[in-house]
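Shared between the two complexes below is chain A, which pairs with chain B and chain C, respectively.
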Partner chain A sequence: MQNPDQTKKRADGAPSPLVGEGNRLSVPQHLRVHIHGWLLLLPAAVLLVAFTYYPAVRTIFDSLFSTPRGVRGAVFVGMDNYAAMLADPVFVRALVNNFVYAACVIPLTIALALSMALWVDGRIAGRPFLRLSFFTPTVLPMIAVANIWLFFYAPGYGLLDQILGLFGFSAHNWLGDQHTALACLIAVAIWKDAGFFMIFYLAALQQISPQLAEAAALEGASRWYFFRRVTFPLLMPTTLFVLVNAIINSFRLVDHIVVMTQGGPDNATALLLFYIYEVGFKFWDTAYAATLTVVLLTLLAVFALGQFLILDRRIHYQ
Partner chain B sequence: MRYATTKWLAALAAVVIITFSAFTSAAAAKDIELSFYYPIAVGGPIPKIIDGYVAEFEKENPGIKIKAIYAGTYQDTLVKALTAFKSGEPPDIAVLLSTDMFTLIDQDAITPFDGLLKTDADKAWAKSFYPAFMENSRTGGKIWGIPFQRSTIVMFYNKDAFKAAGLDPNKAPDTWDELVADGQKLVKRDAAGNVTQWAVEIPSTAFPYWLFQGLTTANNVRLMNEAGTKTYFDKPEVIQALQFWVDLSRKYKIQPPGTIEWGTTPKDFFERKTAIMWTSTGNLTNVRKNAGFAFGVAMLPAHQGRGSPTGGGNFYLFKKMTDEQRAAAFKFVEWMTAPERAADWGIATGYVAVRPDAWDTPAMKKYVADFPAAAVARDQLKYAVAELSTHDNQRVTKALNDGIQAALTGTKTPAQAMTDAQAEATRILRPYQ
Partner chain C sequence: MTFTKQWFTAIVTSGTAGTGGLGGRRKLKSLAGSMRCTTWAARENAVSQISVVDVSKYWGATRAVDGVSFAADAGSLLVLLGPSGCGKSTTLRLIAGLEQVSGGRIFIGGADVTALPPAKRRIAMVFQSYALFPHLTVAENILFGLKVRKVAAAERDRRLERVAALLGLERLLARKPAQLSGGQQQRVALGRAIIAETPVCLMDEPLSNLDAQLRAEMRREIRSIQQKLGITMVYVTHDQSEAMSMADRVVLMREGKVEQAAAPDDMYARPATVFAARFIGTPPMNILPAAPDIAAADQVLMGVRPEHVMLGHDIGMPLRVRGVEFFGADTVVTCAYGEATLTARVPGKATLSAGSAIRVHWRPEDLHFFDAASGRRRDDVMTLAIGDAKQFVHAGLA
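Up next, the complex of A and B:
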């Protein structure tokens, strides 16, 4: 700023004759590069701050206060909301449910997506039709999917009971039984997402050079050995991407619960986000909802860190 | 020269336009504008009917403009109205569940109607509704909601199935004992012993507490006090009622085990998977259209007493209005619940017309003559009680719902489930004592 003349020139976009000359002049130069850089970052930064960082910080802040009701304002309560949360059996149930749900949905979806991709990558009859039918569930909105599956699971005349009836099984109340309800929702989630992840695997498979397969065949490697030692390692970047998405989805997607069970029977299918919605928008206990949200945020942050710090190092990028 | 003329003309035109628009906006400023949120919870062209009413009202009342906004389900509408309220721009009028009354009062979001009842006609209007509907609309001696789209639970039964089981198709079970006796004849099993037709389904998802009130009311017990500060979930009569519900599945084996999905129950009925179902009168038009057999509608069976809870939505007035707006909003609510409108709305939707004189209108008389089932809900109203509603309503309700579902799925005994639910409700209601 000691040299307004220079500033003006460069603001015009004229090439500076002074680049790299003398220490005294390089200070405004540095500054200008920084300002330029920050200005370029500004739009993205504003959006990130407004919709990600500020809400996250505000959520943590709100979780330390009581819920304002009518004329009574919010009061600082410290860790009271967290203590109440640990004593809340529904929260514990929702958390355990969510871990069970994620532990089933994530590996099964990825395994299914990979097998479907391997299958439709090969030369088989009706390949386009198969690819389309695998991908269709992805295109449907979750609300529609859940409404369809609600009738699949209907006791007696539902699709599932009709098929099982052919083998002599009696009708079962799938969604109305605490032991089967969560499994039913897991099946819907897998069915919904597997096709989507298949597309990524399919694209990755088609990137793998056919020479590798030919070389392996010459060496006499079995198909399983080739998959285990060549294909699967080469697919690892895709697997990481799919894994990140699968984890996020298993904590983020609760539309089918709203439609199919509302968390019942007796919280057997309550997941964390669904419970947050209930607390926030049915009970209007916003402070407690913020507390639960902090738990969800922390969980997702831990998963993300784990994925990028540990898994990323072990993955071979071509 | 020519250029200059054009310029002058343009300037003149601009002045005319500005003046004109200033006039029209001044005229518009004289109109009282009101926003009105409403939900949809039953089938049929509801937005068209509402828009028709609004247009008619505006024609009869020049100077008042109503902006009717369809806001989703009851739950969506409440979320939207309360979120808008918290951001300082609440709707002026909204139709929300009658059970949301305490929530809205606790949020300091609504005003009572009492101060607006100025003339004798207004006061008579406020007294014209069925007392059963007013139970959920009044607390602390004030009227906070006006009944609009209200329902109750009734029993639908398949007359063909009754005939096939050797029962009188014109006589539905009228007591719990008859329900069990008839039910055992109505259950059909195949050679392997699997049930192909159940006798009865009382849905137990979404809002099991509401259906449960059909049982508790028949057992002569109330679930809460009028102030909404106390619940009685662990009274012996309540536990007995839950025991009976569980027994329908476990002991008598005439109802499917586990919880029964609210949404698929009408379908079960149409598919003849159950001979009897309990559901809202709001389903009347749906059943009339889709049942491929002769069906009957009856009151819920009695035990120690008789009865059903009411349900559905009320009109509420939000706080942030000028006196002028509030008077206009009141006028609208009064107009919407006039006898002819109440009758028309009931016929078009299947809701129970909310006042006795609506049933004396020629249109309603003709409708009931064609379709006597429509009057069952009305006749049951004299036994009806308020739907469960307390302070922190949805949380208390959830405690009861969880208890009911735990008992129906067999993870807790009815006594244990209701004791736990009562303990939870007491804990939630402690700040309101």
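Up next, the complex of A and C:
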């Protein structure tokens, strides 16, 4: 709410000192100020254009053409790629999988991160040790993590089966079963990201003055009431940030799938980005991969916009 | 021995100055009492009194509060005063129940609350940093406690209207704390405390974040609200002028212990120790080696307030001026007094400069005596005669 006010003030009010000076200076000098400014922006702008905007625009462009094969160059095909996509059962499967995956991972990760942060923020013994152990999964490389979990899930001798064996369950091929494979990936993702997001929550919690809790305690507010009415609203900026990151993470997951399931069994764990990778770099159908990428980018853009437009208005920033 | 002036004759220092002041205080309190009849606290008057009995709080080896006892009358304002780190905040937090006592008992309204949680003690508190909820509007902040206690909406609105009118917050109710000035935030914190209509209110340095002018204004405002509503208030400050101007009773603390508990005028007129003497009043009281003609001069220290030191050219002991500070209404003159320094506060602008020779004197009844070893006040010391300047010259002080 404050930001638009400020910009408005600047727009309506007196011109900024830089512009004011520019008016007084002769034209070449006025220009020099602008050139100076643009030159300072140039390195960042070049990188952004080269690696973000140009590829994005080029992807949209490519998605309207056919894949060049051998002597046959790319031909403009209009929306044909998109029509083919809608008829592609693997794409639909990947899309559904991805939504299921996101719908499980995001709320669970955030809830777990927040709970851990609240717990670690409290007065408990061995706090530094707990903080470190919660954060460790984040520090480990993705591939190493996936390999560790591969062992956990291994049928028969894996950790999970060994533990369940103690209770009399028979061995199960967790990653090889259509019904459990996606859940296994979800568990890994939650385990990996919760510690990372916890750090943000912890930092935000420590920004909240302990006197607020004392003031509420004097009024007789229960801990749950205080959390609901004070802590949680004050953590909303962090939650928004974490939410954006969690959504992006869940739509760009590929490493774990490559190591653990290769999208199988029967595409049960194929997610969007993994499917794009397969189409683009295994089947070399670059135009179709571009089409899929446009869908992914659009999805992410819609999510991000929605979050900032809808949630931002209801969030209190300090 | 020549007696040049009458007020240099020997007197027995006694607390006569204090009694007149006490009478004045009684009058003020009865006025406050009559105003109180119309307020909610009238119902609670008989019981809304705080007493702290031999309370201690230790953190490992630190004795933050060490055997402190005092009591606040119903409807009075008690100030906890002392230098930084003397245990004022800790004492207040013990009364609020935000800390657990290591020893002793706390009574509020006659009931032993030592083991009760904060919410059960029927108190309100204003924190130094106000502790306003930054995401809630002024109205929501003020109503927070009533909503917790599920007070009916109609009653909430009625009380909010009344508190907002009392504090002049009517037009700020929809704002967030960040959109308020320091003084307005302070008023919101005050509003949150008084809307609870608890008979006891605790305040921890509520004005320390404000500028000097606003501080003086808020000081008067808090005092008048406290009197109007008949709240029993415990107010923490390290500013002696705030304590003197607001309090019915001042509890001066030092290193976790009570140094002196008295009405402000009493404390000014009869400080119990050298520490109390120097803590109350600006600039602090001059503490000097006793003049040689005083009984047991080697065992006592002599104190005289700067405002009681009179400057002249004809009478008193000759001293040399070291420095002159002009403050507008008065001037503080620093003189060399043997090894020590003597400050004098004189009205108006003094036409003196460093190096000038002047003479100083004071009335014998303005002298205070303290035991040199313990620092405690001694009322048994008799000045035989503080004669003319010759004696000071004789004592090598000039």
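Simple rule for what comes next: the second predicted complex is superposed on the first by the 281 of 318 C-alpha atoms of A that agree within 3 Å, B and C clash if a C-alpha of one lies under 4 Å from a C-alpha of the other, contacts with A are read in each partner's own complex, and residues count from 1 in each chain.
Note that in this section a residue touches a chain if its C-beta (ideal position, glycine included) is under 8 Å from a C-beta of that chain, and two chains touch if they have at least 3 such contacts.
Quantities reported herein were computed from a predicted structural model and do not represent experimental measurements.
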Could you look at A:Asp312 and tell me whether it touches chain B, chain C, both or neither (first, second, both, neither)?
neither
May I ask you to name which of chain B and chain C touches more residues of chain A?
B
In the complex formed with chain C, which residues of chain A make contact?
209, 211-212, 214-221, 225, 229-230, 233-234, 316, 318
Within the complex, which stretch of chain A touches chain B?
69-71, 90, 150-151, 154-157, 168, 170-171, 173, 175-178, 261-262, 264-268, 278, 281-285
Please give the residue numbers of chain B that touch chain A in the complex, ascending.
75, 79, 82, 103, 106-108, 192-196, 204-206, 256-261, 263-264, 267-268, 271, 273, 392, 394-395, 398, 401-403, 405-406, 408-409, 411
Going by the contact rule set out above, which residues of chain C touch chain A in the complex?
96, 98, 117-120, 123-125, 127, 129, 131, 133-135, 144-145, 148-149, 176, 178, 192, 196
